[in-house]
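In this document, chain identifiers A, B, C and D correspond to the written order of the chains, with residue numbering beginning at 1 in each.
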Amino acid sequence: MSSQFILVNLKAYKEGMGPRAHMIARAAEEVSEESGIQIGVAPSFFDLHPLSKHFEIPVFAQHLDGVVPGAFTGHVTAAAVRQTGAVGTLINHSERRLTLAEIEASVRAATEAGLVTVICSNNDMTSAAAAALSPTYVAIEPPELIGSGVSVAKADPGIIQRSVAAVHAVNPKVKVLTGAGIQSGECVKIARDLGTDGVLLASSVVKVEDPAIVLRDLVSLL
Amino acid sequence: MSSQFILVNLKAYKEGMGPRAHMIARAAEEVSEESGIQIGVAPSFFDLHPLSKHFEIPVFAQHLDGVVPGAFTGHVTAAAVRQTGAVGTLINHSERRLTLAEIEASVRAATEAGLVTVICSNNDMTSAAAAALSPTYVAIEPPELIGSGVSVAKADPGIIQRSVAAVHAVNPKVKVLTGAGIQSGECVKIARDLGTDGVLLASSVVKVEDPAIVLRDLVSLL
Amino acid sequence: MSSQFILVNLKAYKEGMGPRAHMIARAAEEVSEESGIQIGVAPSFFDLHPLSKHFEIPVFAQHLDGVVPGAFTGHVTAAAVRQTGAVGTLINHSERRLTLAEIEASVRAATEAGLVTVICSNNDMTSAAAAALSPTYVAIEPPELIGSGVSVAKADPGIIQRSVAAVHAVNPKVKVLTGAGIQSGECVKIARDLGTDGVLLASSVVKVEDPAIVLRDLVSLL
Amino acid sequence: MSSQFILVNLKAYKEGMGPRAHMIARAAEEVSEESGIQIGVAPSFFDLHPLSKHFEIPVFAQHLDGVVPGAFTGHVTAAAVRQTGAVGTLINHSERRLTLAEIEASVRAATEAGLVTVICSNNDMTSAAAAALSPTYVAIEPPELIGSGVSVAKADPGIIQRSVAAVHAVNPKVKVLTGAGIQSGECVKIARDLGTDGVLLASSVVKVEDPAIVLRDLVSLL
């Protein structure tokens, strides 16, 4: 059985909120059971608790603030995320960039709360830096692939390979996700063959009418 | 009956999460029913839905992002906040500062979603600027009073009066909250006498063992 | 003689640094003398002193931090800008957004240092908010026109007119600049006819081989 | 001869601007010549060119933006910093925090421009992450020592030692500066004995009447 991990970021897409979030989580659970491939979802803060309660798949926050409970307004603590039943969190997504000090504090707080951590990075150098913070995963989002519709299969695969090498040179225990340019089962297979431990993707699952069809395709070549 | 509004910001205090958030909301509901004074709470994102469901008092978000649903990770949309049952939101709290463009977008998105808006400001000039964005309320948090333990009763009241005048010169429909230095019923009364329409406060309610006692004191002189 | 003001933002364009900054300032000075129209330049921090020293035209900073001298690293104080000989500053440019509290502090610090202030805004609501801070100018940069190559002449002029009205409703002393979509003398004339007191522009002057030709065209219909 | 490096951050202190910046640079040059210890200064942007021109000591920027020349307003490019005659730059100072992506871009741009790079960090984990970006130096500023008046000699030295070890585990070529808690020659000696290659300090040199006296003390035990 493959140990690849497929993580679907529901972002703030209207097609990924409320009932649609449930529908996508249900599809992920079905395809995960069929295939034996682990599939997780990262919904809005408000869907963390309902999805964690209703489904067996791993549910991730899209962000958290690495602060200890206290005088912080509009912040999301690791403890509060854990309380929802979520099991992990994205950190430093390209749409929610953090300072280095904040990333480190977030990884630390999330880890202490028992959460799996996925730091997003943009190239091999920042991937190596992220690895030094000992997250569970680093997800490489090459800017030239983000939301471009360009498949990682067609783009220069060098950045993924260099990032995997850079991450492992710093910390061989840190796993790597391919974080952009994933649209099909072929992309997922290529990502695996480039040495990564799974993929982080969004619109190609969230914005389609029937996410189960796409999810089945994504796991089809593993 | 007084039209003063008391809004309790639960922040990310551990004493304002989960069961404690329920306890504070229940106290607010009781004291509100007894006194006829409107009391609202602004809990963590995760407590918006449960508190809105279980209590009749107004529930506010502590922050939202003025973006339309789409490719935004870790963001909180106005539509999603409204969906929880919350009726309003803080914007630009001193612990969650926004750019001017973001504040305007947040007020607009929140208003379109039917939410009451409270823009926090730090002096008379920024209060006037906030008023130009036509929120429901501007909450003035003089930096010298925030978390200082200094009562607005003891401090120079000029900044509150100048802020009320500045807000009304720009937009007479905008209401004003005194946003710092509130610890007692006397402070609430002084805030009203200075021309504001209520108070925004936090630790003096959230961090005490029995919030109902403090809340009863707060409304006692209205 | 027209009281219109033309302000050229040299940004961090390589065509606007060092010797090119001098060349553009010289062209601005020549065209200003010929036409009687006031033309200013906003170069990089490093060119503020040399340009202020060598030319009579108004020289503006592109940004400053509204902090009093003290423990701030990598900050630019109003006093230091004034010391270079510069006479004004942009604040909150769309490429350098600030919080509302920072904008207010910047206007205050710049004004105390004797500098002309230009707050950039993105629509009529934020223009009104900016006006409440009593800057010398508000420069409206409609996002749909920024760097679009679309002339304000061709675009919907409503946003400019609404912004002028909104600014003057809050503070009639504040002047307004049209801050995007300016490419030609016709655009400058239209901006004036829409009620603004001048224009803020960049690439159409900075990135051409002979800025004097463009500057002569810009003032030709005033 | 010691290869220790003493870098004085003039911040935005009024005692570190203009004539005072010259006076401090002159003192640094004198003490450097007397002692053979390299002493550099990091003045305001406006003093980079004059100090680089008048003195032989290394002059550093306090910050730069890792952008290529282009449409950026209020930004400081590496090329422009190099053009002033400066030889290095601080990056990510605790008073000017950057995202991980910005830090990496800044190191890259500065290195390409031939500048020495000093990334500031706050603990052993972020120091290791910074080292993965291959700067010349990492300067550790333990938050508990910044501006505290507490000497690194008196505080727990563990954080410095762990940071040196963490940096070298990731990249043995990266040098380390002790970035807070330095007030005397004894502190400088302790910093060296803890394995760092020099110190980054500010107020204890900048805010005194005669910086030469302090600088002589700082190098006295090397």
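A few notes on this one:
One rule holds for everything that comes next: a contact is a pair of C-beta atoms (placed from the backbone, for glycine too) under 8 Å apart; a residue touches a chain by one contact, two chains touch by 3 or more.
Quick caveat, the model's predicted, so the values are computed rather than measured.
In the contact between subunit C and subunit D, the residue numbers used by both copies make up over half of all numbers at that interface. Separating the CA-averaged centres of subunit C and subunit D is a span of 34 Å. Centres computed as Cα averages put subunit A at a distance of 42 Å from subunit C. Along subunit B, no residue makes contact with two or more other chains. Two chains count as a pair here when they touch; such pairs are A-B, A-D, B-C, C-D. Residues of subunit A touching subunit B in their complex: 9, 11-14, 17-18, 42, 44-46, 48-49, 61-63, 65, 67, 69-77, 79-80, 83-84, 90, 93-96, 147, 202-203.
Residues of subunit D touching subunit A in their complex: 92, 97-101, 103-104, 108, 121-123, 125-126, 128-134, 166, 170.
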